[in-house]
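Per-chain numbering from 1; labels A, B and C assigned in written order.
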């Protein structure tokens, strides 16, 4: 953990320009109000510029031409880059190498002999791999991971503790599944009603493409027939529900506790905020952005920005609003009636 | 997997009428736009009728008298039934037999000697069964399943990976608990406030009756005293919260991410859509239907259909609406004042 | 389980006054409509006072001076206390001692030799403890629990089945983590967009202080830098999402399925109801109360009571309201126009 780089080295890695002493040694990344000697911090939000004066970091990542002209009395150096947040992420990656793993299969794991475990794979104790499944090079299956039968897991994947990937599902390369994620649970499908209700077998699968990350305890149901698909680069937060036969397009982002109902197709580069609910069998166009807690009852064109969340108000005022809201049609009628009356008065 | 049936055989199984060649061999079920030779598909939604012309399936399940009069140029056969969706489900069940299991207890599992494991039960590696618990014939406990002490699990149940059933809870026959389900976690109950807050022990249990299915990562809390009850035939989707002392009546359906607070009684044949929230200590009458994202602050009579979800709107328009919504009482007052003024004007 | 106490004993434990026969033997606590001989029940809600007449319990916990003056024909005794609900909780604790555990480490568990397991700790089969982690006296790790590397778990903690505490996180004393809880999953943080999106390593930790209880399948993300903090005495319900760098102040309560976005600071003694969503980077003042399903888009002052939930209405009426709601600005404009017209009419 005693990794140390000069600021000039870091500038070369992220493609930036040093303002000040490039030879200063950096050993860690820290928040601007906590950073001290040997640490680099970053400034993306002008609101935090006030912290610069009292900043005790050895260096600060800032935007192009954003280093103070006059320099800093404290001798802080600056690293100017086109996107300070991306540079921060990359430098933090540099200082946070993933922990080395055993690259072996624990004797306390359970691995079907017909499965194929590639070189460099780590299988922790109490992990399970079923018949005919494949796990690609350098992937890690933490304790309690369940990989069913005929599953494919790509290379360099991390399946955190207690992740479940059920039979026949496929996971690409460099996929991160956080603790408790369930891939390939049965879709919620029945025919008929009451006593006569019949379960529709969910015989499809889930396909998770490369570079996807899925948050803790999120559930992705298998398709009834065919596939539920999470395309390349998609990022999904914790406790999200993805129903059967849903497709989520490349590089879309879904925040915590959102839910997407069956067969809905979400386009590319879509942003879905927290606690959003999207109905089944609709399409969300590429690049659409949907604000927190919104309900989406129909298809959404590409590129639009939608909101539906309601800001909470003082309880007693809100009670009044809530009493009146259902009477909106009556209010409307009153206003229309007033308009007619006034029109008549004006005619006279 | 090389199961093959004639269309006439399938017609006999589901009680339908063949229109066309009953001898055609069917090996699989597929979606209407993907089905090909040897496959049967179904048509329930008239919107998809356009797909019929290009359909390459060997057979199509349709409603009574719904087979095209003129036959199909492509020679597709039809299976007419009273409910095509139910027939589809049953035929899909026929072609999707559950995978044969070992019907034995893994040496890598942990089973208390005082427990009773019936014949035909499969206990996977890393599953745990506590003292004095009973598991009925042909049930399966997948890896990572936890069955506490004094638990009863009926026959033909499937407890998917990492399901937890805590002490004293009872699960009926043919129950399916999907991965990560928690049955019998402590209800959320405290007395007093702040420093003086005291945990109320949750000493009741959960009873899950026959033919219930519960979705991945759903949580069902044990009762404070007495029972939390999920009655026969109830179907619950993923990530649902069922609080302590709740009862859900027979054959009711609860969609993903809904939450039902403590001691609430949900009737029979109730439909609760996704992300609904129901307050504690109320009753939802038999057959009621509650639309997505609705909030239910009081009891609901039998048979009613309620909605409370709000459709998202373009962000900038919504901001205006949200600014005005809290002023609804003021608007109301303005309209009332206008009505008075006009009444006076009209009097003159 | 054959614990038996006289009512006078119980009165001494909770600091109350017996009205009636203090020598009566109590063996169990039960609900007022189910309690029978040998059982004590409680009456906090006057709504249930009607049950008193038919009550067959041996004793009833009531408020000060709340025992019926005339006594009960049935000979029920009363225990008068200042807070009947707290007394009920304490007496229920007395009759519900926690099950004795083995206080040993199962050979089927996996414990890194560099970890420190204190005296009296119970480690169940299939639990995992990583390198250099510490578990304090008398704590219990149920089956499927994952404790990563460099983790600290205090004394008298209960980690229910399949709980995950990832690397570097710290858990205080007397903490209860219910089944499926995930502590220390990566925060949801990326820099850049689309193809160029970069994961921001989440190198901070989660700190859970003493006397915290966290409900089943709830997720608490680790900080990007620094700490996500759950302070002393906080109680969190099931399926809650706590994002990276959030702080929740002492003795606050968060109900099921609520979500708190990144870096938000929740004060002390705050109450957050079910399905609430709170945006990132805001502050919720001490003692604030937020009603069910509310959306919180900005900071909230101390002590306020906010609501934002909408009561569901009959579906057909709601459809009309929902059509009109987006037209609120237009309605507003109509009313303003009417006001101007009437003002002019009145001038004439």
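What to note about this one:
Keep in mind that, in the parts below, a contact is a pair of C-beta atoms (placed from the backbone, for glycine too) under 8 Å apart; a residue touches a chain by one contact, two chains touch by 3 or more.
Everything numeric here is computed off the predicted structure, so don't read it as measured data.
After Cα superposition, the angle needed to carry chain A onto chain B is 120 degrees, rounded to a multiple of 5.
Of all residue numbers that take part in the contact between chain A and chain C, under half occur on both sides, making this a different-residue interface. Distance between chain centres (mean CA atoms), chain A to chain C: 26 Å.
Of all residues in chain C, those touching 2 or more other chains are 108, 126, 144, 162, 180, 217, 239, 257, 275, 310-311, 313, 318, 325, 328, 331, 335, 338, 342, 345, listed in ascending order. Contacts from chain B toward chain C in the complex involve residues 108, 110, 126, 128, 144, 146, 149, 162, 164, 166-167, 180, 182, 185-186, 188, 190-201, 203, 217, 219, 221, 225-226, 239, 241, 243, 257, 259, 261, 275, 277, 279, 289-291, 294-298, 304-308, 310-311, 313, 317-318, 320-321, 324-325, 328, 331, 334-335, 338, 341-342, 345.
The touching residues of chain B, when paired with chain A in their complex, are 29-31, 34, 83, 85-86, 88-90, 92-93, 95-96, 99, 106, 108, 124-126, 142-144, 160-162, 176, 178-180, 213, 215-217, 233, 235, 237-239, 251, 253, 255-257, 269, 274-275, 292-293, 309-316, 318-319, 322, 325-326, 328-329, 331-332, 335, 338-339, 342, 345-346.
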